[in-house]
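Pasting the structures here.
Each of the next two complexes has chain A plus one more chain, namely chain B in the first and chain C in the second.
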Partner chain A sequence: MSRTRAGWADPLLWSGGVLLLLIFGMPLLTPLFRELFPELDRPLYLQETFPALVAAHLGIVAASSAVAIVLGLGAGVLVTRAAGKDFRGLVETVVAMGQTFPPVAVLAVAVPLIGFGVWPALIALALYGLLPIVQSTIAGIESVPESVREAARGLGMNPLRVLWQVELPLALPVLIAGIRTSVIINIGTAAIASTVGAKTLGSPIIVGLSGFNTAYILQGALLVALLAIVTDLAFDRLQTRLQRGRATVPAAAPIARATTQTARSTP
Partner chain B sequence: MRVRVHNRVLALLWLLGLAAAVGVACLTHAPNRLVTGTGIRFGSVLHGANLLVLLPGLWLGLAAFLRTTWRVQVSVLIAATLWLAGLVYIGGAEATRLAEVDSAYSRTSFGGGFWIMLTLGWLIAADALSRLKLKPVAAVLVGLAVLAPLVAQLASGHLANLSVLKEYANRQDVFNDALSRHLEIVAATLIPTLLIGVPLGVLAYRRQGVRPPLFGVLNVIQTVPSIALFGLLIAPLAALAAHVPVLAQWGIGGIGTAPAIIALTLYSLLPMVRSTTAGLEQVPASVVDAARGMGLSARQIFWRVEVPLALPVLLAGLRITTVQAIGLTTVAALIGAGGFGAIMFQGLLSSAIDLVLLGVAPVIALAVAADALFKLLVALVAFGEKR
Partner chain C sequence: MIEFQQVSKTFGHWKAVDNLSLHLQDGEFTVLIGPSGSGKSTTLKMINRLVEHDSGRILFAGKEIRSFQPEDLRRRMGYAIQSNGLFPHWTVEENIGTVPALLKWPKSRIADRVTELLTLLDLEPNRYRGRYPHELSGGQQQRVGVARALAADPEILLMDEPFGALDPVTRAALQKELARIHQRSGKSIVLVTHDIDEALLLADRIVLLDKGRIAQVGTPQRILAQPASDFVADFVGRSEVGIKLLGLQTVAGRVRRGETAAGRPVPLQASLREALSAFVAQGRGSLPVVDEHGHAVGSIHYADLLAAPAEALA
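Then we have the complex of A and B:
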């Protein structure tokens, strides 16, 4: 989709730079926030440092995404094997149904079952993050032409090697698209998770909203937005690299990618 | 005759259901709304007429051993419907019985076991339904018929003694306000989405050059998490309203319904524009050529050929947009837009679990209903075109 631009015009480079500057340099902007919001006594969020909030936020996203990737990939691979194909319809039903649920609803439902704190956030994010990954794993493996699979078998590969050396590498671009969707949704849902007691970049926003401190809201919102945008750009770069690295992407892959992207929703 | 499992999916779901029935409390009962309840096992609610629910339950287990013929699938679907209706009936009846035995302040709610068994029952029904390979319109209607007994029990007041419905009875006005506000916000989002999104989609279809910048910008907006976009809009909109009093009179400001609608519209544009462009693109060139050959003008071709043929894809985009808007409106409660999110967040902030449920359940119901409605609409349009 996007060409990789070199040097200063590279959007990933400068948005990443701005993100880092804001994470570590937010206190330096105190005079600016004081100027913008003269009515506020405390124009800078000081309950936790911004690097600590970013680290906590990324920790939740990384842990839940790791679980979602392992389970989602496992489920996707399982239902595309001969032994598991009975369950494919069921898994697809669950995925389609689950994606009509808003992520914030999954988060809220997790609280009565688990309690407040970081755990409901982790579990809700991992569960919701599963859905696009399962979907893209199935779509990716489906996009591998049967002839390629036949050829691999003809070379004497056993089913495990066909999966590992043929199907998964060819499914990778579609798979990465699914992981991208999952991670971006999780970054947003993790911000909302501050309402169930997890410490994330959403905390300044929630504290600011309840205390009418627009400066806090702005600081949290800027960082969450940039974090999501930089992550998305990084995935975009990864996908471009992958596609350039292989000349023989199966023809069905772009279509499958488009379908996984349409199903994407924003937390 | 050898005994063999013919339907492994049904067997697995049934065993999971059995494990939930045995191992997880199906109801929780508390003397009042503030204390944590004690669990009630499924076994102890099975008395008298309640035992009848075991009939469809056992049939489902038995059916896993039968060949998956059409007739067996229909029987599974009916048994799953009866199972769901029976479980919910038992829940309502037990809540009423416990309210009479105990004080009127006592609270009975569905426990983990009930939720798991209900979910598994619905999955069994959905799996049987998909195996019947019905036409899309029929599939949606049968799906609704499976849920009808549950809605009927809810409407008849049979479930009125369940904790969440007691919470509803206490705040009926708040709930009704939340419902109308939630729907208002979604409807108010869809109108500008259609008015801006469809023309942009047509533009992107006609001019290839517009696509990279347009989709680039819309993609970045879609990437920004909702809570951040709401937050980012507060300061500029508040400043705008302070300097242009007319806008403030229209209700535009940092917080409230107006910024929520603006943010939701921004989110809705990407799926709307993308589906409009995709819908127009999949109209076969040969059909357009044939229309031109018949002497239709460019305008006639657009309205009589391209738009009708693009409609199913466009409606699919509208489905994604609507479901997404219903969910995002929940988050908009954080900036004072109201709706079911207000009830949900109030529950989360005061650790009142029934209140959380009262806010979340209707959002999920609305999203699922909108999804089904648009699927039905797409199926009807596609069906109409084939004729």
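Then we have the complex of A and C:
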């Protein structure tokens, strides 16, 4: 990993800047969209403001990711305990199955049960983001060398302390990688939630698709993509900090393996 | 200090420890040794309940170890292992302070104890206390591992092949330091190894295990000179028994004070094994002996070596 570049060369800084400009300055681009799509009467999406859409989008992503993190971390920790070992195969299968369903299908199933709105979207996204987190929790905890775990027990730490002071801190880099994957997937997938009536950056895209308004699609898609890129860069920064801040040398090899594994198993 | 009474432990169909009875004396340096699968590590880990015994009784300070909370028991026993098991995300100071922190010592007392232990183990406190394990050499990591085991002044020190992964030079240095720590503190130590030379060097008493049973218990001299079975004789190295017996004694016990001899001198504290090597290497029948300051104290004769084994048993 290269050193973080400072100042204007920092990709996080300028991609974040572009994102902010687009969020708040989209109306200023109206002449541009008019130029690009002369056949459209209204080339700028006006039903909601873009700041409101981004806020709603991030709200759904944050809520569903928080649920996914709590559930995923809990499940991952549980199946790596001696008592929960037997459930590991089951949990991994169920979570993997959860991800083989297209989110649209989950939404379609959820709507008749819960109705339109934010809730089916939250449920679908939370389920969808679970897999990378469960996998990275398991991989992270398993990357802790057995000798370290034995020493912790042998010195008189109780099981909770071994988990909290030794296993989780050492698993953290792998865990963050899993959360990163999960959140990025959710930022993209949240757009689909507009099909069931949740307000997200998918709204201009859906409206644009049904009304043949390519400008709307472009506006929504640009913001979703930039949001994902900026978030990804921010996570990258966090991981670099984490790695630089402390000693991860003995665990470096398993981390690399676990990360590629997580990356490979996500669509 | 520790007493095993007809203790057995089975993993599946495999009898790891079979009806073991053993009394470990207070202040004694006991070495558990045997081939792979002899049950030596299992025996050690049953003491601090990392492995729970199936049957029999194990007493610590006169009480069955199951009457203690496992965590309380372990905090009263130091524990050091082969690959050192240092916490990679903690500094040397935090690693050494693990058990004192669990025992809720005040911070200043922990800091003082860390300074004391780093000094004891020949690591300059201010240079090393803030370092992370990966910034240390293998030998330094192992020193920190030993310091961590000693931190809360445990009643007994349990060591599971602590020097197994080290190069011979570093291993020898750490063995010497451990012997010094034992002499100085008088702490009971139980050490597991598969290296017979390490056992002969360190042990007050060797417990030789084979297939979960005791093959022989005794002082290094007795194990070497009077092996109880063919297995014991083979394990200690039948063809090298004489050499190893010489390794148990120092030149100091054989020196003829006041006499002089020609040749490169051997130090007083060298083992007779090293002296034998010097005789052969220099092709001489007698050699001068010097003390630790290099002053001549006398000489040693090749023939004097022969008296050693007999006397060792006396």
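Miscellaneous remarks
Here is the rule we use: the second predicted complex is superposed on the first by the 245 of 267 C-alpha atoms of A that agree within 3 Å, B and C clash if a C-alpha of one lies under 4 Å from a C-alpha of the other, contacts with A are read in each partner's own complex, and residues count from 1 in each chain.
Going forward, a contact is a pair of C-beta atoms (placed from the backbone, for glycine too) under 8 Å apart; a residue touches a chain by one contact, two chains touch by 3 or more.
These numbers were taken from a predicted model, which means no experiment stands behind them.
Three-chain overlay on chain A, with chain B and chain C fitting side by side and no clash. Touch criterion met: A:F101 reaches chain B, while chain C stays clear of it. In the superposed pair of complexes, A:V207 makes contact with neither chain B nor chain C.
Shared-chain residue A:L113: touches chain B; no touch with chain C. By the touch criterion defined above, A:L71 lies against neither chain B nor chain C after alignment on the C-alpha atoms of chain A. Counting residues of chain A touched by each partner, chain B versus chain C, the larger count belongs to B. In the superposed pair of complexes, A:M157 makes contact with chain C only, with no contact to chain B. Look at A:L58: by the touch rule set out above, it reaches neither chain B nor chain C. Of note, the Cα-centre angle with chain A at its vertex and chain B and chain C at its ends comes out at 100 degrees, rounded to the nearest 10. Residue contacts after overlaying the shared chain place A:G220 against chain B, while chain C stays out of touching range.
Once chain A of one complex is fitted onto chain A of the other, the partner contacts of A:V18 are absent, as it touches neither chain B nor chain C.
Fitting both structures onto chain A leaves chain B and chain C with a minimum C-alpha separation of 15 Å.
In the superposition on the C-alpha atoms of chain A, no part of chain A is touched by chain B in one complex and by chain C in the other. Against chain B, in their complex, chain A makes its touches with residues 1-2, 36, 86-87, 89-90, 93-94, 97, 100-105, 108-109, 111-113, 116, 184, 187-189, 191-192, 195-196, 202, 205-206, 208-209, 214, 217-218, 220-222, 224-225, 228-229, 232, 262-267. Partner chain A is touched in their complex by these residues of chain B: 7-9, 12-13, 112, 123, 126-127, 130-131, 212, 215-216, 219-220, 222-232, 234-235, 238, 254, 267, 271, 274-275, 317, 320, 323-324, 326-328, 330-331, 334-335, 341, 344-345, 347-349, 351, 353, 356-357, 359-360, 363-364, 367-368, 371.
Against chain C, the residues of chain A that register as touching in their complex are 145, 147-148, 150-158, 161, 166, 169-170, 246-251.
Looking at the complex, you find that chain C touches chain A at residues 48, 50, 70-75, 79, 81-89, 98-99, 102, 132-135, 145, 148-149, 158.
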